[in-house]
Amino acid sequence: MELDEVTISRAILSEQSRIMLDYFDLDCAIVGGGPSGITCAALLAEEGIKVALIEKKLSIGGGMWGGGMMFPRIVVQEEARRLLDHFGIKYTEYEKGYFVASSVEAVSKTLAAACDAGVEVFNLTTVEDVVVKEDKRVSGLVINWSPVEMAGLHIDPLTLRSKVTIDATGHDSTVAHMVRDKGGDLEIKGEGFMWAEKAESNILKHTKEVFPGLIVTGMAANAVAGENRMGPVFGGMLLSGEKAALLAKEALNLK
Amino acid sequence: MELDEVTISRAILSEQSRIMLDYFDLDCAIVGGGPSGITCAALLAEEGIKVALIEKKLSIGGGMWGGGMMFPRIVVQEEARRLLDHFGIKYTEYEKGYFVASSVEAVSKTLAAACDAGVEVFNLTTVEDVVVKEDKRVSGLVINWSPVEMAGLHIDPLTLRSKVTIDATGHDSTVAHMVRDKGGDLEIKGEGFMWAEKAESNILKHTKEVFPGLIVTGMAANAVAGENRMGPVFGGMLLSGEKAALLAKEALNLK
Amino acid sequence: MELDEVTISRAILSEQSRIMLDYFDLDCAIVGGGPSGITCAALLAEEGIKVALIEKKLSIGGGMWGGGMMFPRIVVQEEARRLLDHFGIKYTEYEKGYFVASSVEAVSKTLAAACDAGVEVFNLTTVEDVVVKEDKRVSGLVINWSPVEMAGLHIDPLTLRSKVTIDATGHDSTVAHMVRDKGGDLEIKGEGFMWAEKAESNILKHTKEVFPGLIVTGMAANAVAGENRMGPVFGGMLLSGEKAALLAKEALNLK
Amino acid sequence: MELDEVTISRAILSEQSRIMLDYFDLDCAIVGGGPSGITCAALLAEEGIKVALIEKKLSIGGGMWGGGMMFPRIVVQEEARRLLDHFGIKYTEYEKGYFVASSVEAVSKTLAAACDAGVEVFNLTTVEDVVVKEDKRVSGLVINWSPVEMAGLHIDPLTLRSKVTIDATGHDSTVAHMVRDKGGDLEIKGEGFMWAEKAESNILKHTKEVFPGLIVTGMAANAVAGENRMGPVFGGMLLSGEKAALLAKEALNLK
Amino acid sequence: MELDEVTISRAILSEQSRIMLDYFDLDCAIVGGGPSGITCAALLAEEGIKVALIEKKLSIGGGMWGGGMMFPRIVVQEEARRLLDHFGIKYTEYEKGYFVASSVEAVSKTLAAACDAGVEVFNLTTVEDVVVKEDKRVSGLVINWSPVEMAGLHIDPLTLRSKVTIDATGHDSTVAHMVRDKGGDLEIKGEGFMWAEKAESNILKHTKEVFPGLIVTGMAANAVAGENRMGPVFGGMLLSGEKAALLAKEALNLK
Amino acid sequence: MELDEVTISRAILSEQSRIMLDYFDLDCAIVGGGPSGITCAALLAEEGIKVALIEKKLSIGGGMWGGGMMFPRIVVQEEARRLLDHFGIKYTEYEKGYFVASSVEAVSKTLAAACDAGVEVFNLTTVEDVVVKEDKRVSGLVINWSPVEMAGLHIDPLTLRSKVTIDATGHDSTVAHMVRDKGGDLEIKGEGFMWAEKAESNILKHTKEVFPGLIVTGMAANAVAGENRMGPVFGGMLLSGEKAALLAKEALNLK
Amino acid sequence: MELDEVTISRAILSEQSRIMLDYFDLDCAIVGGGPSGITCAALLAEEGIKVALIEKKLSIGGGMWGGGMMFPRIVVQEEARRLLDHFGIKYTEYEKGYFVASSVEAVSKTLAAACDAGVEVFNLTTVEDVVVKEDKRVSGLVINWSPVEMAGLHIDPLTLRSKVTIDATGHDSTVAHMVRDKGGDLEIKGEGFMWAEKAESNILKHTKEVFPGLIVTGMAANAVAGENRMGPVFGGMLLSGEKAALLAKEALNLK
Amino acid sequence: MELDEVTISRAILSEQSRIMLDYFDLDCAIVGGGPSGITCAALLAEEGIKVALIEKKLSIGGGMWGGGMMFPRIVVQEEARRLLDHFGIKYTEYEKGYFVASSVEAVSKTLAAACDAGVEVFNLTTVEDVVVKEDKRVSGLVINWSPVEMAGLHIDPLTLRSKVTIDATGHDSTVAHMVRDKGGDLEIKGEGFMWAEKAESNILKHTKEVFPGLIVTGMAANAVAGENRMGPVFGGMLLSGEKAALLAKEALNLK
């Protein structure tokens, strides 16, 4: 068989535009491809829910790639060890209860699991705004190509509809900020001092729906709640992603 | 158990410095974390060979994340379908012999396989130079943190020893250029016009040892050989990575 | 009727991806949206030929928008006055034989004519490379989104097939340079001193097929031929676009 | 006839300085060359009113060139279809009531109409300030070359007098901000969440004189009023430009 | 003996990681390598206290290198002359009571003394945040590589524990700002007008513990207190560093 | 009398466009507003010759403003003292034969003299190219606004005709380079080592017509001739400007 | 006589350091080298007062070089014509009472007059802060080299003492802002809308001592007073400089 | 005693200008403040020779501050241990013959020794060119403030005379390049592959006078000779500085 450049080009555009047209209307949009976003996406998709993971960068994984101070290792505590096992991530025990894993492996294994479960990933995609109508809930996202913003161009966005939206954008908590800045009833307290123990114990409490249709997870949850900072310990991140998935599932059943 | 920030910090540094000290002396150093580099690393490590994958960016995956023109899909032809299967990457057939896969899934699955096989990944790591001594072969790499270069600082590098080095840096073919620019007997012809069919059929021929101790793979192989350009079809990339692994294995037995 | 964001989004993507899939295979690709490129595109499409006008910037019109030294007026001499009339561009006579028109009107009228004739415009699109196979002729273009390059990203391009390609990229003569730089038999002499009279009289002679499948027009024609420079007089540009259209038409009949 | 560079230079400067000297005193200054600005300019000039369209960029058309997410298509709804027809813009019906047109064609046709009607376009021109005297109305604009600002130079501006000024600068609503920031009695509420339906229905209501002598149109109208956001649907933009033209005409008769 | 690159690399990493692991828990962390920071570090280490000097730049010495207006001389007044003598810095008397020294010598001699006394210097290290737990005192620092920030990367930090922390960051008073910005009870008044006499006489009064566990010294002390500015007279800086050392020593005995 | 902004604007544009239209055809164009360019312009205009001084920066004076190493003083030797006197520049004698003047005064006095003599100054004006026709001599300049280049815009230039052109652009010798780079028969040897004595004695010899219609003066003369470098001694610069004026006058009589 | 580079260097440094040492203590420091600053400096020095003109740029003249919109002409009204005559600046009458002069000539003639009168100019010098002691008046300036700031370096400044300080920094009114920002009792209202007539008539009223020891002149005077904006009419600027000189003279007699 | 800002300013300028005036004529100019430059300067000054150390950065120490890969440790081998002892730098033995020291301590101790010996350090000083006259030897340096270059300004330099010049600028070998680029008879071969053993053994051989009056030391010596690269082992650097000092001393006796 002769390989043909035009057929290759058509295969790519045809397949991706088919998926994009379909995903302009979805169950759950997860913004931010860090550890809690990927975990949440994977667990939701495993339940057959139509999920898009939207990431502004070209690569998925966020701050997890760099470990701590560029040493590509992360620490996970006992409570979340079962999620390492769930995703097949290897680890060693440094001291009792402190499990060290490769940060690169952690990204690849959680993301592979998300892909296996059927998550569609939209990378290089920026969320510019949210849709809020008379029902006063987040019902969609206004998206654009990230390079449009990187290149300083002014180009109109497109819009997708989502029944539930999850803000997994880290301490920036971008989506929550958009809602707040345009008048949504939502207080953002900002991240507190470093105190890993407290931040890790409270993150599940802060993982919740903070505005109709909008759930926060991971560092975004802590930033909205004014919780302390955690550093390169990732147990809470994974567990928060798991809880966000549960909340999203519940929300979807109600609609 | 109480989570303690200092123990977390020590766990990360202690574990990673142990690995770095060990990996200053290794069997095979693969430079460049794109599809052929990851494939090559995974297949070598599956054989129990001590492999490091060195990538200057924070994330692994290179140009594969973006698919074609930011549409995150890649095309793989029939000959390489078995490697998609090997890594568990899902695909659909667009036209006979043209298989379309998610570019994000392709990255995560190949990388997950590499991690499972025991590859150590050094991301944010730049190769500044190579070691060539009286035996006139590449016997090591001179490395530095990428942010040192990104921040425009002048800081001395460190050096690792590798029995075989693989240049998987794409059309830049960075390692081959270093060898050539410092007087190594190695001609680099540069990439030709776009002609996917020809580029794909010849890439295996060009995947070879181009200087004692230095094997080129993927687009670096084609760039050194003056071969044509391929575009977003990835079969040849995967097969080239596979061949580079074979050649490296042979080279290691000879020493 | 209720306006719906998702339908708007789908309408845009659906319509444009249909056109892109179709235009991956076309009769004539014109690179560069300045005066000779637009003129050429308009005249070819008026003949029912399937033409794409590819421009790396967001807007079409190139250097014509700015007139001379930001004074948005252009001068056209007697020989080309009939093309001003053809496009419905108003003008006044400054001295005998020197017609002054608004540069903004000149852009809008020529572009409107091109659209009326059925030209498809791909703006924000960069040409990265050309397709040249065993028949040693330019038979396609390798394209990418311009913001990918503007943002410094490394993302694979897609490819389109064109029976004839026209380089209308101004003194950069980008396509001709690509052909030359990758070993095509094509000499580029560069633009000479300013000498409007001579440059204007010779431009039609230089508007020709300079490599199989590649016609040069406008300032690109003069730059390849080593002709003198013209300045803000646009008669030769329009006439060169007209001649390039004729040459392309002839070439298309031969295939 | 011999072409002469000096005559060409004199023709351009002489013609443009004549026009600039004349247009330092005009009926209506429209700031911003996007869809509502061009529409407004065209419709006013068709009535014989002396209109200048002032745009800071080199090209006219603003955000319309890029369609939605760089796919160069726009959607227009039923209510505004007659304006597409008025300007001769072709369209197809995607779903009932959703008309899709080429964004490039839309720019060129509206701008060509504006030129035909006698609008003078001042591109590369920045508005730095407004003239407000004892009558507490906007009675002129303080202008400069845009490259002066782009190059970071400090150079004094010149001033033009206009009986009516129209702010068509998009969500930045630049002129309204200048009036507000220097103490003019004018509240700017900022754009709300994305909600195309509501934004489109209310835009005509918001297109009005917001300060003596200053009318807002297009997204500037919605931004001042605190209205919702619309996305790449352009019916309201065109209709708002039409209404601004009507209001300007009324205002001019009163003086 | 044969010199071996791998042994060199291992020697450096092995030695430094041993020190870093040890210094994740220390007596006193001094942030900022200017004159008061170095002085304080040297005097504390002379007492056998475990001290780290943390500096974000590659070189230590801060603003002292440049003297006044790039003329590399500093002035020290009578009261602090004994500290010049203590560090072995040469000087000449310009007018009675005004001693002039080389700014380069002043840096090198104070730093040499600090190294002799056993201070560990962590250069290229940024303090991103502080640790404050239920006891409401600064009990640690959140650190990262400076090039991570310089290169615009998002990488998690590590954390070290310190019994006492000293803010010697100059007028930025970075650590004090972090404490204040995250809600710590600490007012920062900012530096006043230039008035060397007053600033020099009051600096010792302002050198104090401003928040539990946090002592300010040098210009940071004056900036927090709202004191006047001093210019290139360094007596107060050295004396303030000396006083901070005394305070730190007292604080360490209390714990 | 009431001051009116529109009249002010018209006064400025009207006056300057009148001058520009006139000066598109002139006797002598001097490129570069440093000491030799100003001197040459002043002396020529004193003879009633129609001279334009073209400078790319906003201010005139070039490197003279900064004296030596930002100390705003220049040295002039005995031979050129009479030119200091001619322009009314004050000086003191440092050692026998070394006269020191204020660099700021030197700029203002020479420029004031040039203005008095009737030189027209075009600042913020870049020379992009030269006019060379069948008579193979420089017969005009292609000019543009400097901010166009500073802002990275592509805008066509205008052209002026000059009987004689003087390159006073310093070591860049910009005009000479343009002639050489486009094939003019003119060798540029580049500046040699610092050796003030030799450079000063030879500069008059190098001040000459280096291509028909093009005279070089000041550092441009030395750079073309491969002469040594001079540093902040300005006697040769002033004398070279004087000689260039003489040569230009002779050349103008011949035509 | 043999020219010697070392003697040249010593002549420059020796002469300038002698002047700087002397001018660390002066009668009147004028900050900002625009038209009102130069005028004020010239008129004060003509009275034998020891004056320094401090300018952050390399060249003196400020915004006056560029005329209006880069057309290098300025307009002066009848009231200030006598100052044009005083400085020997040529002009033409455009309409009754509107005198047009070359902006370049205006800079050079005023500056030449200032140099003749004995003003010392410190260019490339930034004012970083002011000296205010117990007498609560501005009694000195904290200065640095501008390139230190331009290069982003942190280097200590030096200080000069002045009996009276004049802020001639244009709308930035830099010195007034420093006084206000550090708690001085001084309100800055900011510039109003463009209204040349009113701004010109009131500028003399606003030229006054706004804080003990600090007089404002030119646009700084209007900006502090909240006056309207003027544009490229310079009569008020020159007259304001003249009045500031009068006020400074009075202030100096009181001390 | 009352501290007075003006006296402080005068003390600094007076002292430094005295030194600069003196050092415009010196015995030995050493360019580059890295380890070999400092060592060489210290050893020469210990012999009473008048030495200036010229460094373009604000801080002295060059690449030594960063150790290897930002781990601030250096390795020194047995042969150079006596120089560590000479400067009082502490070290530990990692393996037999590999001594590890703090890179920060190494900088401060060598620099303190240089200051003690009487070296004058000119930091923030760029060498722009060299003086070479009829005797065809390097007899001086053309210097400027580094911030002038960093800020992109064009300001004339000053010149100093030196009997011997030492290029200690690292692999850039800046001074040698200047000599070569302006036609001096001097070949620069560039640095070879990493091979620490060979580079360290040969560096003393390459430390020599490469052009009359110009000695190269440290990495500049190896770069000129085409020697291999060394990495973060500093024995050779210190020994090369020592040898350069010997050669300079010999050269000075010959004159």
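Chains here go by letter, A, B, C, D, E, F, G and H, matching the order in which they are written, and residues are numbered from 1 within each.
FYI, a residue touches a chain if its C-beta (ideal position, glycine included) is under 8 Å from a C-beta of that chain, and two chains touch if they have at least 3 such contacts.
This structure is a prediction, so every number in the text was calculated from the model and none was measured.
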Request  = Any chance you could name the chains that touch subunit E and subunit G both?
outcome  = H
Query = By label order, what chains touch subunit B and subunit H together?
reply = E
Request  = Identify which chain pair among B-H, G-H or A-B reproduces the interface of E-G, meaning that over half of its contact pairs, matched by residue number, are the same.
outcome  = B-H
For subunit B paired with subunit E, centre-to-centre distance based on mean C-alpha positions, whole Å = 43
Note = Between subunit C and subunit D, the Cα-mean centres are separated in Å by 28
Task = Take the average of all CA coordinates in subunit F, do the same for subunit H, and state the distance between these two points in whole angstrom.
result = 40
Remark   = Cα centre of subunit A to Cα centre of subunit F, whole Å, reads 62
Request  = Two or more other chains in contact with one residue: find those residues in subunit G.
outcome  = 5, 8-10, 12-14, 17, 58, 66-70, 124, 131, 140, 145, 147-148, 153, 155, 158-159, 194, 196-197, 231-232
Query = So which chains end up touching which?
reply = A-B, A-C, A-D, A-E, B-C, B-E, B-H, C-D, C-F, D-F, D-G, E-G, E-H, F-G, F-H, G-H
Message = Could you list, by residue number, the parts of subunit H that touch subunit B in their complex?
response = 62-63, 66-70, 170, 190-198, 229, 231-232
Complex interface listing, subunit A residues touching subunit B = 1-5, 7-17, 57-61, 65-75, 77-78, 88, 90, 92, 94-98, 100, 102, 104-105, 107-109, 111-112, 114-116, 121-124, 145, 147, 194, 196-197, 200, 231-233
Request  = Flag every residue of subunit F that touches subunit D in the complex, lowest number first.
outcome  = 5-6, 8-10, 12-14, 17, 20-21, 24-25, 58, 124, 131, 140, 145-148, 150-151, 153, 155, 158-161
Query = In their complex, what parts of subunit F are in touch with subunit C?
reply = 129-133, 140, 142-145, 148, 153-159, 182-183
